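The structures come next, written out as structure tokens.
You will see two complexes here that share chain A, one where it goes with chain B and one where it goes with chain C.
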Partner chain A sequence: MNGFAWLRRLQRRSNTWMVISVIGALVALLPSLYILIGLFQKPNENWQHIQQFMLKDYALQSLWLVLGTGTLTVMIGVTLAWLVAAYEFPLRRLFSWAFVLPLAIPPYIAAYTYGSMLSYTGSVQVFMRNVLGWAPDQKYFDIMSMKGAIFVFTMFLFPYVYLITRSFFEKQSASFIENARLLGKNPLHIFFRVVLPLSQPAIMGGVSLVAFEVLNDFGVTKHFGIQSFTTAIFTTWFGMYDVDSAIRLAAWLMSVIIGVFLIERLLRKRKKYNASTSRTSPLSRRRLRGLPAWAACGFGAVIVSLSFLIPVLQLIVWAAWTYRDVLNAKFAELLVNTLSVSALSIVALMLHAVIAANVNRTGRSLFTLVLSKLISMGYSVPGAVLSIGVLAVFISFDEQLSGVYGWLGLGEGKLVLSMSLAMLIFAYVIRFLAVGYNAVEAGFEKTGNRYTEASRLLGFGMTRTFFKVDLPLIKGAVLTGCILTFMEIVKELPLTLLLRPFNFDTLATKAYQYASDEQIHQASVPSLFIIGVGMVSVFFYHWLGEKNSQ
Partner chain B sequence: MTFFEMSDVSFHYDKGSRTVLRRFSLGLDKGESVGVLGQSGCGKSTLLRLISGLEEPVTGRIVIDGTTMVDARKFVNPELRGVGMVFQDYGLFPHLTVEQNIAFGLHRLSKKNRAARLGEMLELVKLQDYRRRYPHELSGGQQQRVAFARALAPEPALLLMDEPFSNLDANLRGEIRSELRQLLRAAEMTSILVTHDKEDADAICDRIVYMQANDEISQERNSS
Partner chain C sequence: MKKVTIGIILLVMASLVLMTGCGSNATNNTTENSEPNAANDAKKPEDTEGSGKEKVVNVFTARHYDVDSLLYEEFTKQTGIKVNEIKGTAEELVERLKREGESSEADLFVTVDGGVLNYAKQNDVLQPIESETVKQNVPEQWRDKDNNWVGVATRARVIVYAKDRVKPEELSTYEDLATDKWKGKLLARSSTSLYNQSLVASFVELNGEQKTEEWAKGIVNNFARGPEGGDRDQAKAIAAKVGDVAIMNTYYVGQMLNSKDAEEVKVAENIGVFFPNQDTTGTHLNISGVGLTKHTKNKENAIKLIEFLTGKEGQTILTQGSFEFPVNQAAEKPELLTAWGEFKSQQIDYAKLGDHNKKATEILNKVGWK
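Here is the complex of A and B:
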């Protein structure tokens, strides 16, 4: 009798939603598969050379970047999270969201801003020479180095650690901390013996996001001249025109990422365990007085200045010098390009996210588990790796479709898809699907399954239920997903740089192009637009969090 | 003749987890009202979710009015079973008004018939004056009546009620129980009421079934 159980299961599960999400998942998987297959292909001569002389250096440089940034973001992010969550001090409320603002500034913009500010002709040294009459040694200003890159990454990525850890402190640690306080432990002891060990999964969750961002980066390392894995992929691809070796490098990097990804998942599992066992009463804050209060406030002020105020003010000054030259018809075209490619990508992405999330919540099975893992995987594949995979897939599409193109009168052997905007949109969807998906999933979790079940018992199938009941209830979550992905797409650099059609510029690629042409001052205008979009998203996100907690 | 029959139904949530139901059987005649009594966690709510098709049993068979809803090789989706359910927390759509909630399941009727049926239901639960209110603007008792009207409006073959009184004040309960009994009788509705409160079942049902956690045997008893 059990032999027919699969038939019954199919009757219950098979529907258009499932089919679409299966196809979507498979298509999204193609580029990564293409890359991983590269590991098993026979290497060419060039690879011998790369392996012998370069691979170890690439790997080491990337490793130092990740380790250095990881350690510092944990130190700063966790300290700030603890201060904001457990103490009351001057300007605390302002800081609690100001610490998120650095996320609005893409690290590559910060890199050329700081790089230029600290150069011999930059504002810092000019001020010292002309106003203070002091000409210090150049070696103190060498930000275009490994240390400088770690500084930039730390200052603009620590909010990931800060955000996740703070919400853990605020929501889940209260009973443990209060118990420790009642048991007479001093604050330092509580922090190191109770808070840190407890929040380890949250911290690891945040720091793995930081690691993914560092490995994804192209702009900072390129501008500072650091040979990381990602810049090596670019060099091999565009410098040596050796796509096979570039794919092989990408495959190596991807294996490492999968490793990091699996570790992060394991740690997340523990986090879930923590959440379900502790009471969720908020932590009551202790008021700091005197010197400690001002020290906390001062520390916050230094961080906000370095990670937001100083670079933004500098960009505003530069923009004031150059906006007349930059803001012209060409710039309007940049805006239109950025908005249109974002809008198209967001529509495709959110459709996919909503379908996958709806399938995932209705029937939990091994398939839906794999589906959700695949979706969150896209975010951890570095842009350079993903873009090679996407390009390879699209070129092979074009080869397959060559006959069709001929029949349509476009000419045999033409590259149609791989020269079009579709390729970039496809890559955005894969990379940022997790962002939209998580927002939609949170919306579904908040509304629960009750209304959907009621609707189905009243005679509506999955699709009509979705439009009549689910969608009206989760539209806020869908809007959140749109805004967050919009911010990600507007500031995205490596994918856009590699996969855009010929002569198609966005705000991000233009800012990068100005910066790499040593026109740093001109770069400030598109950069400020990108930061503006980021700030709107950060404010919106913060507002939403406040609204939810009320 | 048996109108509703479930035989040898077993169920557990995930592979390897505790069995919630083991070879459970239950039969109802047309127009009969049965109360299922048991402590929380014994699988009462799961029973209703299995009957309505929100969950899929591991083994067993469920037949409603001569149509097999689920057996080893067949599974009918919940929207095609013609089963009405009143949820413990009512599950009224928060974005729809009272009349939109009640008319929700009437999509198969013509516009004219739909309006007529809606009017009937509003009258039945005495909520004509509240038709344009949203669920959060109603009292608990009113919400519960909307939930009943919504479940009964499409004339289901079988009505399932999951602890429908648990959110009501004690002084409201008595009144609503007797109203409900009359309502079910008038509609000749076959129904299953799940509750932990024996008084609820005594007041409404023709027969009571006791359920115990992990128990394969169900005791039956005729109430007065």
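Here is the complex of A and C:
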């Protein structure tokens, strides 16, 4: 253990956490900074055209997408979370985890699935035509529109809001709600006057993830022919071959998003709730009877059907047609690749997230706040643009390390890091840090600082307090973070496409291979694997949760 | 304190796993044909095969088709040269090649669209392919003038029509689609598609900027609905009577005819394929091609692969699998392609498409082709 003596000495200084966090954040920031520098470069001759024909309209379309999806995901996500947390009704236990499942379906796959299903040759219209003998107007099936995109995003992203708010309701809000109940307030009043204001941080955490996803999406918008801000970025890059302007656009996107969330955070900071008792008992559920019970059950059933059952059943039908051509021995390798790269990335990512969140909570200064928001930047730009930043950083690492490689006998002037899995893992970490961080931060907000402060007063150091006091308290939140990032990484596409080493295929790249060539039937097989892996992790998460609560 | 130690150990272990992960991935797949040295040999035992130098060729490809993998496997079987792939989007891969510079491990760059191939050439990431076999395999028309890239397959971007509502005699040229005759009847996908950008770029070359912009305006005016979905969705919209004619790639028709979905087959059977501009400038072709990277470390193997891809056998596998047109006339085409017969294609310098792509994109933005 002597080898760790220097570490222990470092620990004794209370700002070690801070140092680690700052270094980590800076490294994670490099690719984003590389993109942000784009703001300060002189615009080239294309900029005029971009401003005139693309910027305003495309930004407006993106705004509508975000507002529409954001509003609907909050409405659906919070309602479902509240029903599951506060009431007992038929199938509640099943729903409590089934509502997480849509996260396992990549939105672009969902878009292709719904697009095909509702098309002229899709199951819905074929059934109407051939069985019912009824051929309705095509306009009723036009899912490839703004409304359709909002529908797809809402159905497959609402679990972010649901998951984060539900865990908040269950664990933290009990005393407030029970007091309100005792004081004779009616359920609606409790929901709007007590629950919603209390859960604002959790809701914001969830909905900000939704907004990021919508803003950086290119799969759904491209397939549906919607001109979002991301379309402008890619048209500039792939159509006008102007990478610099594309990066510049991404930099604008990034700064606007970070600005908005920073303002939200600063406004929210004035309102803080700390529980006055040390008792954090779980919320006791009330039993619904009669019509309300069945209404709750029916609402849940509709959401689960639209966001999971229907698309998955459709994919299964397609898979039955094509699995013979698609499924081969290599699928096992895809599965192993997907799982191992996710596992490694999650470990690195959650460490980073926990450290950063802990520092931000205890250090509380504008500096740490800004830092904590900056590390979410990686989530706010399209993956393809971020991948340029990562590539630039890693290639320069390789150039710096050239001498070391020579000394190790690898040959000078070689690409070692940027040809390895490390680059992809690094990219995942900065990409999804926001997901892990938001979950952990919600966990910290929930427990408050009382226990930590008590522990520090009683003489424990920050590190010891963290492991003895904080970590057990936020265990659930960390686990939530792990599951969410896992589902993200399994689905991730643009980074994986460009930054992987040779011959490294994952389930997502396989699904894309078919979907990009409009072979949605073939794409169903790898997609179902992705969904399967996601389902298993949800089961596992749920099982752990049940075990803990017993 | 114990937990802290455990935490630290876990951290160290995690990073170790990470490092070894990198190590194994970084060291395999690389062979130095040009400068074999002792150090290089020393690390060989780590390599997958372990038996001396493994012969490889590293491909950056933007073609994500099963038939490509099939081709590479066949090549490995015949030559013992392993093909390593990184698949991505064409423009992104060019960016990666550019940034990797001299250190790049890529030997070949494979993609759909002549414009992008030229974009790669302009970014100085390619070098001339010196091979008589390739020159014999591929007609001059499908080769870059400096031989920085050669075509491997083409797709015709044609007009498809509803057999029950449109007579082929009514169709003539792409230009005709922009006239009032087709108001509210025309279908096409979004302008984010490279296929449409290339088509418009070819008109910029043939008809000039001014005329192309007028044409694009006419097309947008004739749309039966806003552009959405992919090429197949346009065919389906014809079947659904949303519109009567659509701009679409031939090979999707082939794929739909062979679909597992009986309804899709029905759609494909009810649309006709028309090769436009036969009396004028010819039908637009989209070209898939392969380029030799400037800093290739396995030049010999790379050229062997190009020779295989453009040879009779490779071309036959390719066209049978993807319904694209072969560039080597010796290849055995699938029946469907033979049934379509010979047609006149645009006689243009495909490198020009790359030059005009930006102009094309600007025109598409201007006229509001979504």
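Following the convention adopted for this analysis, the second predicted complex is superposed on the first by the 339 of 550 C-alpha atoms of A that agree within 3 Å, B and C clash if a C-alpha of one lies under 4 Å from a C-alpha of the other, contacts with A are read in each partner's own complex, and residues count from 1 in each chain.
The criterion applied here is as follows: a residue touches a chain if its C-beta (ideal position, glycine included) is under 8 Å from a C-beta of that chain, and two chains touch if they have at least 3 such contacts.
Quick caveat, the model's predicted, so the values are computed rather than measured.
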Just to be sure I read the superposition right, which of the two partners does A:Ser145 touch: chain B = first, chain C = second, or both, or neither? second
So in the superposed three-chain picture, is A:Gly115 touching just chain B, just chain C, both, or none of them (first/second/both/neither)? second
Determine, under the contact definition given at the top, whether A:Arg450 touches first (chain B), second (chain C), both, or neither. first
Of the two partners chain B and chain C, more of chain A gets touched by chain C
In the overlaid three-chain picture, which partner chain does A:Val469 touch, first (chain B) or second (chain C), both, or neither? first
So in the superposed three-chain picture, is A:Leu351 touching just chain B, just chain C, both, or none of them (first/second/both/neither)? second
Check whether A:Leu458 is in contact with chain B, with chain C, with both or with neither, and answer first, second, both or neither. first
Applying the document's definition of touch, where does A:Glu518 land relative to chain B and chain C: first, second, both, or neither? second
Shared contact residues on chain A for chain B and chain C? 1, 4, 7, 11, 468
Please name which positions on chain A make contact with chain C in the complex. 1, 4, 7, 11, 46, 49, 53-54, 115, 119-122, 125-126, 138, 142, 144-145, 222-225, 227, 231, 234-235, 237-243, 318, 321-322, 325, 340, 344, 347-348, 351, 384, 387-388, 391-392, 395, 398, 409-411, 413-422, 425, 463-464, 467-468, 497-498, 500-505, 509, 512-513, 516-519, 521
Would you pull the chain C residues touching chain A in the complex into a rising list? 1, 3-5, 7-8, 11, 14, 17-19, 21-23, 25-27, 29-30, 32, 37, 39-40, 42-43, 58, 64-66, 84-93, 95-96, 99-105, 119, 189-192, 194, 197, 225-233, 236-237, 239-242, 252, 255, 259-261, 263-264, 266-267, 354, 357-358, 360-362, 364-366, 370
Residue positions on chain B within touch of chain A in the complex are 52-54, 56, 70, 72-75, 77-85, 87, 89, 91-95, 104-105, 107-108, 150-151, 154
Chain B contact footprint on chain A (complex, rising order): 1-2, 4-5, 7-9, 11-12, 450-451, 453-461, 465, 468-469, 472-473
